[in-house]
Every structure is written in structure tokens, then in C-alpha cells.
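Once you scroll down, you'll see the structures, which are given as C-alpha cells.
Across the two complexes that follow, subunit A remains constant while its partner is subunit B and subsequently subunit C.
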Partner chain A sequence: PPIADLENTISKNSDVVSVMSPAGCSHVNGFKVDNWKQNLRLIYQCFVWSGSVETRKRKAKSCICHLCGAHLNRLHSCLHCVFFGCFSKKHIHEHAKNKRHNLAIDLLYGGIYCFVCQDYIYDKDMEQIAKEEQRKAWKLQGRSPLLLCIGEKYSMWEPTKRELELLRHNPKRRKITANCTIGLRGLINLGNTCFMNCIVQALTHTPLLRDFFLSDRHKCEMQSNSCLVCEMSQLFQEFYSGHRSPHIPFRLLHLVWTHARHLAGYEQQDAHEFLIAALDVLHRHCKDDNGKKANNPNHCSCIIDQIFTGGLQSDVTCQVCHGVSTTIDPFWDISLDLPGSSTPFWPLSPGSDGSVVNGDSHPSGATTLTDCLRRFTRPEHLGSSAKIKCSGCHSYQESTKQLTMKRLPIVACFHLKRFEHSAKLRRKITTYVSFPLELDMTPFMASSKESRMNGQYQQPVDSYSLFAVVNHQGTLESGHYTTFIRQHKDQWFKCDDAIITKASIKDVLDSEGYLLFYHKQFLEYE
Partner chain B sequence: MSKETQMRAAINQKLIEMGERERLKELLRAKLIECGWRDQLKALCKEVIKEKGLENVTVEDLVAGVTPKGRALVPDSVKKELLQRIRAFLAQQST
Partner chain C sequence: MKMEDMSLSGLDNTKLEALAHDVYSDLVEDACLGLCFEVHRAVKQGYFFLDETDQESIKDFEIVDQPGVDIFGQVYNQWKNKECVCPNCSRSIAASRFAPHLEKCLGMGRNSSRIANRRIASSNNTSKSESDQEDNDDVNDNDWSYGSEKKGELIQSNPNSPRRSKSLKHKNGELSSNVNPDLYKYNYSSGISYETLGPEELRSILTTQCGVVSEHTKKMCTRSQRCPQHTDEQRRAVRVFLLGPSASTLPDSDTMLENDGYDAPDGQLIMSRLQWDGSSDISPSDSASSKASTNNSESKRPKKKKKPSTLTLTTTGSGGERDKGQERERGDRDRVVCGGSGSSSSQNALGLSSRKKRPKLPVPPALSIYDDLN
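What follows is the complex of A and B.
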């Protein structure tokens, strides 16, 4: 491994005096006096990485060789005085020898050249300044289509001293192969806690969330020990530790009871309710450490919001003046009504009879997730008993309401409303709803609706991939939750509390489906 | 300075002033990575390092050892594209 080679080289060289090591050379000491840091920064800003219009103008005019006037030939600037000279034609070398100015900077790449060592040197302090100035200039460059909108140039990871130390003291390396089972771990049922276990399995296999926690991005500022985000972090450590024995999530359960009282107790709870409660607590606890940055309480930048929050657009159209009133509300999940429920459900796919279907076999006319989404986003007449005050007509008028997705979250969670709790009955709707592995959300976007109205063709870009399915078996009174999760691209596993078994894609797609988790395929930069 | 050198200098100035030089650099970097040129250069550098030895090699050794071949290995399509973009930029500037 390359780190070992680097370390060997460093240790071999450490006892040689004027050494070509990454630490730099001793000849910079003459330069590092007085206000050298500021001077060096100025040189970078003006002549190497010019970020602003003024510095660029100055650079364009003055960066030519003082001896021959050329702007090419690897122009260097003397660090001790104002002199620019070609490197290729040795003009800068002449200057260095005549004036005994030992250091020069490469105006193309910012490297520092030492004429005594006769090579480029890497002084830690100077490197630091170079990196900062480069980053600054980069940010100032603005929205060039090539630089995308990252604002930061990609730079390779270089281990810090501390990280090298940690790597040396922990020599065991874990290699992720195509078939490894790291990340898979059972969860002990602590008494009807499968509603919690199934959600934990889905969350620990959400790629972005996993990356966030495994890279230690949570900096806790809560005083007490009751931070749920810290506990999630611990949970991820447990799941990706490589231990194969089931984990006992007693601390998690206790924290949930503390922060979401309505879920406390040993009765079976609703997994969907737990999901929303968990996201809410995590979001609140995250906000505590992002609180200073989040200037808008409705648009938090915590990891939960970044991953799970979408925007649902509601358009209410007055039937008289056709004025549209639009509101956008944040959402963490989309709850979909099913055929067979007491809310009217119109079968939209040809051949679907809308009746309750039990068992494994599904007729070709079965309701699809897309059907449910189409129903969810169809215009709905609000009826004469629900007139809305129209600001255009200044009176109460009949109107239609339509929901569309304004902004889709990175992880879209669909909740199939299988549990009916109306005044007259409490029952579970077991209608089979078929859901796909890949889902195109384009037709349900607010922008698509506008395009369709303008007669434009919408390019499909909102493609989502299924990565977790929570299922409920049994009745409303007594039931059990399990989760299918996607481990690698095409490997699925069934998580049934402490028992993890391999599953086929068919198993997953044939299952009833209660909570469906989809992950956006293509991520964009902010 | 010859007329050609003067013109070169003037074009270069304009490119820097408008920030176009940086954009072209990034475009070039992306193109050279895409076509595998950077990997070829990496291999050439490794050869030079093996020859001179890791402890003794200087940047100058690398520049001298790699530049002629490196220049020759740049695909014509990349050169053409860059040229086109510079032309387009200059045309834009004169309007």
C-alpha cells in the first residue's frame, strides 16, 4: 500500500540534512520574516490564481518576462523582489544568481522553486497559503458551466498527522468486496419493537445517510446524553463493524420513548409513525448544531432535510375566474390511498377492477404504484360544500385542487395507507400494489405539468431506484414488520428482527409493500 | 517583438482578463483526462523516476524527460476543439 512506501521514504530521509522531503527546505527561512504570509498571499492573488476582475486585468498586463517580454516559457516570479522571468529560457535563473534571490514562484501552478536545492520545494506553511488562495479564487470564479456549481475544486485526500497515527495504530483493514455482508446485522426484538427495527434497517441502508454517519459528520452540541443523532451514529458504527451477532438497540428504544412519548410502551406501534417521529427528532437534534447556519427555520440544512425533505405544490384553481393560488409545503413522505379504502378510488389502469386482492398471485390488471401516484396528482373538484375564497373574485367559489411535486427529495418514501382508522371501521387493506425497481417521477413533477400545458416534451431526469421495502404481515391487532433492503446493486436481503436471509428480487417485488423507499439515481450539485 | 508574438500576447491578455483562460484550462484538463492522455503521461513520469531514482529525481528531470512526447501525444481533436473555442471567444469579443 502506498502509505507504507511514503512512510519508509520519510523515515529513511529524516537524518539527512538538506533533504528533499515533503517538509520543505531550509532556504525558505530567509524569506519567512516580517509580513511574509501577507506578501505571499498577495502574490498568489495577483499573479497566480486571480479571482477578481481587477486582479485578472493586472495579471494580464504585468505577467511578462522582464528580460524578453514573453508570457509563455513557464513564467516565474521572484519571491524577494518584483521580477518576472522565463524559466525555460533561464531568465529567472540569471536573476536569482545575480541578486542572490533564492526563491521563485511558478505563475502557472503556484509551485515554489528553490535555486539552491535546484528543485521545487514543499514548505508546509506556504502550501497551506497556496491551497487557501486557490480555493478563494475558485469560489470567485462563479458559475462557469465547466466548473459546475461546486464552488470548490476537487482535491485528493491527504492524511493529517493524526490520521496517519490512527492508521498506524489500527492496522486492520476491511475490504469491501462485491459479496461482502458488511452493513448487515440483525436487531433483537425487545417486545413488539419490530416497528422500530424495520425502520432502522431502512435507515442504515440509506446510502447518503450511511456516508454522513460513517464519515463522522455529526458534531454534537447537545449537553446531555440524549442526542438521537449521536445514537444513530453509534448504530451505524455497530452495523458496519463487521460483527455478525444481532444488535440490541435498547439505548435507541429508550431515546425514542424519551423524545416521542406517543410511541412509548410495549404495544405494537405503526412503523410509518415511527419513521416520521424518528426523522422529526433527528431533524430537531441536528438543527441544534446547524442552528447558527440555518437562517430560515423552514429550510434547514441538516442532513435529514437534505436527504428526505421534498416540496409538495398545491394549486387551487377557481372555477369562475381560473385564477390559481399556489402553496408549497415540505414533506418527508407521500401517503397514498389504496383501492378498497373508504375514500373513492378510481381505477386508472386498464383492466384494474379496484377490488381487494389477497395472496401472492396478482392479476395483470393489478394496481400499480404509478396508478396511486396518478390518482394523488390528479385535479380534484372540491365540491359546492367546500368553496374557497377566491382573491380574484373576492367571493367564495367552487374550485379544483391539484397536487404535484415541486421538489423531490433525494430519498422518496411512499406510504401505502393500508391501515384504515375511520369512525365506522378499523381494518387493514391488503390490496396488492405492484411497485417497480426503477421509478420515473417526471410525470408527477410540477414542472412537467407546466411543460405539458405549454405543449413541451419533458426529458425524463427524475429517475429513482428502490432500495428498501417495509412489509406488514398479519392483522391490525396483531402483526409483524419486516424489511427488504438492497445491499449491493442487485443483492437483496430480508431483515426479520434478528434474522437476516438472502432474498430474490422477485420476493421483494411480490411482497405486499407498506413503506417503499426510493433513492434518486442522479444527484445534482446545489 | 514580431507581429505574431505581439498578437499572441494581446490574445493572451484578453483571455486572462475575461477569465476565459481559466475556463479553457479546465476544459483542456477534462478533455485530456477523458482521452487517457493524463494516464499516458503518468506512465512516462514513472519511467523517468525509475531511471533517475526516487531520491534524486527533480521536477526538471521530469519536464525534460516527458515534454516532447507529452506534446506529441495530445490528440488532434483536442487541439481542434480548443482552437475553435478560442476563435469563438475572440469573435465574441470583437462584437
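What follows is the complex of A and C.
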């Protein structure tokens, strides 16, 4: 039976150069006659991969073992005649012996079993048909397994014969293990460009973005070679190349300055601004990917939007008639005021409004990220000098405004407003703000607010994990940016331009924090 | 397990749980079977062991965690001699000075329109060869090579920057010494004659300036790309005329038009329009959250996100290219002759440059580890 064969083939393979037992077998030749292809296709369509509701129903009803009536038990269909038999009770084996029908197909995964070889075999032609039918069925089902893979089943890479040969002759590999440097690389400072380097590190360690580019999903339609998305793709290649010397991102700088003129100029700049500008240019260039015209104002489904774009809901409530006017704006980051700035900050005591605190254990009095978020989403009385025209009252009335998250992006970026530029003073606010490794955004969602108002249960929202922290050291006039990034689940590294060193979680959590990047834990189907 | 048409409503909890458990274990078994098939297939087709790495390769890429070296085991501070080729001018530039070079090369800095004008001046000026001028540009990129300039000349002949003094010259040497005094015959509002310019220079100029050719003087307008005297149509037309039909797809002119909104006086960062649930015209780059989170006291400030420069004359004494760059910037600002920015205070000039460049937060890097290890 198959397990014994598996052991055989494994031991054969431990001799690197030994010849593989052929994946196919000669016993299929008896089957490959006349209209066998069409017959095989039918079997796949009807009994293995059901694309539509009808075929699924038919499969469920008609596929039972002819001997024992079982639906499961690894049901197989004979390839030579109409017979279903389960594998576990050997009913299909009986049939094969009695009728001398050598081939059967597993109805769950479509594998073809040869009773003479007593093993599953992989015949090239039959495999081809199987793949096509599987793809057809997936298209029919129209499911998107991942947000990124719309309508097309994700299939693992399989090498061709030629590739197999090449790979066997060249056994050296660049394999990503738990303790390896691949994916990490320093960046040369091009002259006060640490603001760019720190953002590049954060982006290249955004898992979904990395996966998108490493699986080559960007199909460029720009005529010139000034596509920033292509350059991003190239950047990932550089990071995963295994090179140890730092990368020189001069082309990236050139492209960003070309496409985001407002950033231009050799002077020290703000990392947060660079992030927004870079996302914007990437988003614009990505639009070509989906065949959407640049002037299509509607929802874009480019990778940038899928990963970074959230929706911020702003509710303005009239104090007189209590009518609410709601707008939802897209956002790529949430900018949070800090205590110590000239804008008043009321640190709310944990749990004062009954909402969940993120299990922060912080030294007494230290402000937490959750505090900042609570302040961000608090109802704010707009004051008598800022009356809003109320459509219910048909007059100007005082109102309160409240912000909540309508939709959270997969990657949430929090911007701590450390640089103050009021008319009187310009300074950097160095107040320590503690931020957690895991963040629960439930209390700040628009849906939670509604639930609270209706006295209903707050549906918990997926938690977010910290994966990158951009820090600014120095003063407003002179400073330097570095980034902590997370790799291999729980390893952290400090990226200081060209120098990458290992960091501890404590280093990360004790740092001041300027830009905090959180990644959603679980992805959902659309 | 036989499948029957059975109603679930009549069953009690135990039976339902048992059914659920059956379904669950079937699913788990199926999943395991799937994995077995994957492995079996990979082994039989010969690619199961393909990702095995030799010990040597594994050691090669192992993370190093020791003081004084990075994760690759390399000592810090050995990357000083990296070079790169400028995508714009194809010259080889030291990597750590690429940014200042690029600024000039793309014609983006406050300095560069003057440099462009200077090139034009030199091409008309027989007393100086163009290559000399180019060398002077190079000197701008490098540090502290005074060369053969006339140091004193500019200072006396420049009426527009009374603050220039000999002491500043020491810190900001290369600038004061390299600019041709003839330059100051070119007032910012006069024009450039396009006939004498090569395509590269034209391209460079057209990335920062309006460029529309005046019918009277036959010269190109040197105001910014948003100059109110000419329309976008005119600007597009002159680009097509001077650079060929492909010029209309120059990313510069296109993005410049788009990015103009970015400099809009009301401070809105309007680069692209995204509808969001049909209720908003704002792009995420408008930093909606940033605007939204300001409270009353902040709203009294001018809406533009002004981040005025506060570069100070810090002489930190470290062997820093950065210091010099910093000084250079300030010096430039003092001497830019442009409409509207005649402020004599270096600290405010940045915010008021005629290009209406959006003021940024200047964060010159502090002493970096390179400096420490110098």
C-alpha cells in the first residue's frame, strides 16, 4: 500500500544523485484509448471538483460506495466503469480485482491509483487534465481564497523537468530559516535620507506587501520605466538576494522625488510625510495594475488600498435636534495628539468608560497608546464659535463631533504627533508613550460605538500585532530616524541606515515611538 | 456514515454535539489526507527534497548577534566609498552625497534655477567654457575644494544678500566662491532664450519652471510652474514643442500639475481623488486623521501645515558633511533672489520660497554612528 511505497521512495531519495522511480506507470496505457480524455474530464467535473451548486448536490447524492453505501471512507471511482467504492474498507480493491479494472480515482483530491503498482501515480497527460478541471471549478465557484488572489486558485509552484534537473545539479540554496539574515539588509544614507530609509524598512517588512511582490504580482503597464511599484518590487529582490552589503536606494529616491515634487529638495524631512507620499505614488502607479484609469475616483483595489486604506468615520451631532451627520474619509494613518503638547490632553483613567484596556501594564502615570486612541475617539464639543449648519434644525447650532474607525486597514499606522508647530513654539514632544505588542482596536470601532449606544454586546475585532516602530532621536532641528522591525515572528531588529543589529522586545517597547505599524492577525475572506 | 434527509430540529443537544463532532473529525481527517497526498506527490515527482540546504549555506546566512558588528558579522562604518550612477545625468556620484546632487541635477532645489541660468549664461559667455561651469557644479557636490574661484568677487557684487560676510564664507565656502557674478544680471523675472539650450538643459529647466515662450521677447518664462501669467495648456504646448510629442507624458509635468494641489494655500494635500462610500472627495494622503484630530485651539492656526525651518548655525565640530550641507542650505536661502521672499531672516526664508514649496520639517541627522567612529 502507499505508505510502504512512500518509505521506499524516501529512502531512494536520500542518495542525492539516484534516479527517481517514474512518477507515472505503464498501466495507464490500457486506459488511454478512444475518448479517454473526455471521459476523464467528465469524471473530474462531476465527481471530484464540483464547480456549481448543482454538481455539488449531485456529487453529494450519487457518490456512495456501491457495496456499503458509505459517503466517505476515501471514496474512489473506477476509471473504467461506473463504480464507486470506498478505499478504507477495500471495496474499490475488490472491484478492481474482480473486473481487472486497474485504475481508480480518489474523489476527494483527484489522485489516480493504480492497483498493479499499488500506489498513486502521476501521469503527465492525466495530471494536465486534472489541473485544468480544477482551475475551471475554482473559477466557477468564484471564491477569493485570499484578498490578493481573486478568482484564481492559488497553486503551489511545481518545477518542470528541466528545472528539476537544474536544481539537482545546483544544490546550494538560500533558504529562509528561523535564524537567517535573508530578508534583512541595510540602506545607505544618501545624504540626510534616513527619513526615507526608515520607511523603506517598515514597508519591506510588511508581510502582505512582501508576499505580493515576491510572488511577482505586479504587472506593470506604465510606458516609461519610472514606475515606483516596479522599483518597490526590485527593492524586495534586493532584500532577499542574500547580499550583505547595504543597498543603495538612489533609484528609489530619484523616482520618489520625480513623482512627489513637494518632497523634493535636499533637506531633512519628516518620515511620516514620506510615508504618505510614497503610499500615494505607489497607489497611483498601482492603479494601472487593475486596468482602472487614473481618473476613476471609485474604490481602488490595488494592493496599497487593500493593505493600508482604512475608513475614518466622523459623526457630527447637533446638540439641539440630535441629528447626526456622518462622513467617512479614507485614511492611511492615524495621527494622535500627545500629552505635553499645547493641545489639552486629558489622560483618561483606564476602564473609566467601561472599555477594555489593552492589558497595558505601564509605570504609573505613563500615557499609553490606548489613552491616545481614547482621546482621539472621544466626543468633542465644538464650541459656540464653530457652529455647524444643521439640516434638521435649518440653522446653525452647536454640535459635538466624534471620530471612530469605520473600517480598519490590514496594516494600521499610528503617528504620534511629536513635532509641534504652533505659532508660538516649535518643539519636539518627548513624552514617553507606552505601546503594546498586541493591540485590541474593538473599543474604537464605529460598530462598537453603536453597540454601546444600543446596549448590545461589542463584537470583538481582530487584534493587531506590532511589527515596525520608527523612532526619531534628537531635537526638532537635528535628528535621526531608525526603525525596529519584526522578522520571523518574534525576532526584532534595529535598522539604522546601513547597520542592522539584533534588538530585544524590551528595546522596542521602551523606545520613544514616532510611527507605530500594526498588522492584523487574521485575514478574512471578502 | 450514511447521509439521510433528516431534520435537525428534533434532536437534542447531545445528538447535535455528536453530529458536530463527527463532521469535525471528518474534516480533520480529510485535511490530513490532503497533506499526505501533497507529500507523496512531491516525493514521487522528485521535488520534495529540493529545498534542502547544505550546512555551509545555512552558516552563511546565520544571524550574528555580537557587539561591534551587524547581523551579517560586518564591522560598522565601512561603507564610505559606495558610489552610484545618477539616473538623470548618468554621472557617477558618491552614494552619501547623492541626495544633494540629485536635488541640483533635477533642478529642484532653491539653488538650481540659478545654476540652470548660470549654464545658460556660460553658453552665451565666451569667457568661460561650459566645462568650467560643470566643474563648478561638481565642486558644489563635493566638499571643501575651493578650487580656482574668485572668492571675493561675488560678495562685493551681490547687492541682494547683505548678510553675506567673510565669516560665513568660511563655513559655506564653495557657494560663495563659485557663482559667476554675471548671474546676477539675470533677474528672476527675465527670461531664458531656449534656442541655445540642449535637450537635457531644457528638460531640466522645464521641470521647475513655467517655460512658456513669450511672443515679444522669445524667451522662456522663468517663473514657477504655477505662474499665473500662463495657462497649463500653454505650458504643455511649449513642452511638446521643445521636447517632442513624448513630452506630454513627462512625469514631471503631469505630476507637477497633480501636485500643484499639494501646495494649495489651504493646505489640503490633494493628490488624487478617491471616493469612499460616495461620501468623501478626500484622498488618504490628505491625512484625514491628522486634520480631524486637531481641536479648536489648533484650528486657529493657519490651516497650512507649516513647518518652518529652524536650522540653526550649529557648528558641532564633527567631521560632518551634514553640517556643511546644512550651512549651504541656509546660505542659499539668504541669497535667493526671488519674488516675495526677500526676507532677510534665514529662518523664515524656507517657508516663503517662490516655488511655494511646501515647508517641511527639517530634521538634520544628529551625529550619526559614522561620526562617532570617525
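As a convention for this text, the second predicted complex is superposed on the first by the 331 of 526 C-alpha atoms of A that agree within 3 Å, B and C clash if a C-alpha of one lies under 4 Å from a C-alpha of the other, contacts with A are read in each partner's own complex, and residues count from 1 in each chain.
What we mean here is this: contacts are C-beta pairs under 8 Å (C-beta built on N, C-alpha and C of every residue); 3 or more make two chains touch, one makes a residue touch a chain.
All of these numbers come straight from a predicted model, not from anything done at the bench.
Residue contacts after overlaying the shared chain place A:Y120 against subunit B and subunit C alike. In the superposition on chain A, A:Y396 makes contact with neither subunit B nor subunit C.
Shared-chain residue A:G311: touches subunit C; no touch with subunit B. Of the two partner chains placed by the overlay, only subunit B lies in contact with A:S50; subunit C stays clear of it. Of the two partner chains, subunit B is the only one touched by A:K59; subunit C is not. When both complexes are overlaid on chain A, the residue A:A70 reaches subunit B and subunit C alike. When the two structures are aligned on the shared chain, A:F376 is found in touch with subunit C, with no touch to subunit B. Partner contacting the larger number of subunit A residues, of subunit B and subunit C: C.
Comparing the two interfaces of subunit A, the one with subunit B and the one with subunit C have residues 9, 13, 20, 60, 64, 69-72, 111, 119-120 in common. Here subunit A touches subunit B in the complex through residues 9, 13, 20, 50, 53, 56-57, 59-61, 63-64, 69-72, 111, 118-120, 141, 144, 146-147, going by the rule given at the top.
Of all the residues in subunit C, the ones that touch subunit A in their complex are 1-3, 26, 30, 33-34, 37-41, 43-54, 56-58, 60-63, 65, 70-72, 74, 76, 79, 82, 84, 86-88, 93, 95-100, 102-103, 106, 108-110, 249, 251-252, 255-256, 259, 262-263, 269, 271-277, 279-280, 282-290, 292-299, 301, 305-312, 314, 321-322, 325, 329, 350, 357-358, 360-366, 368-369.
The touching residues of subunit B, when paired with subunit A in their complex, are 1, 5, 8-9, 12-19, 22-23, 26-27, 30, 54-55, 58-60.
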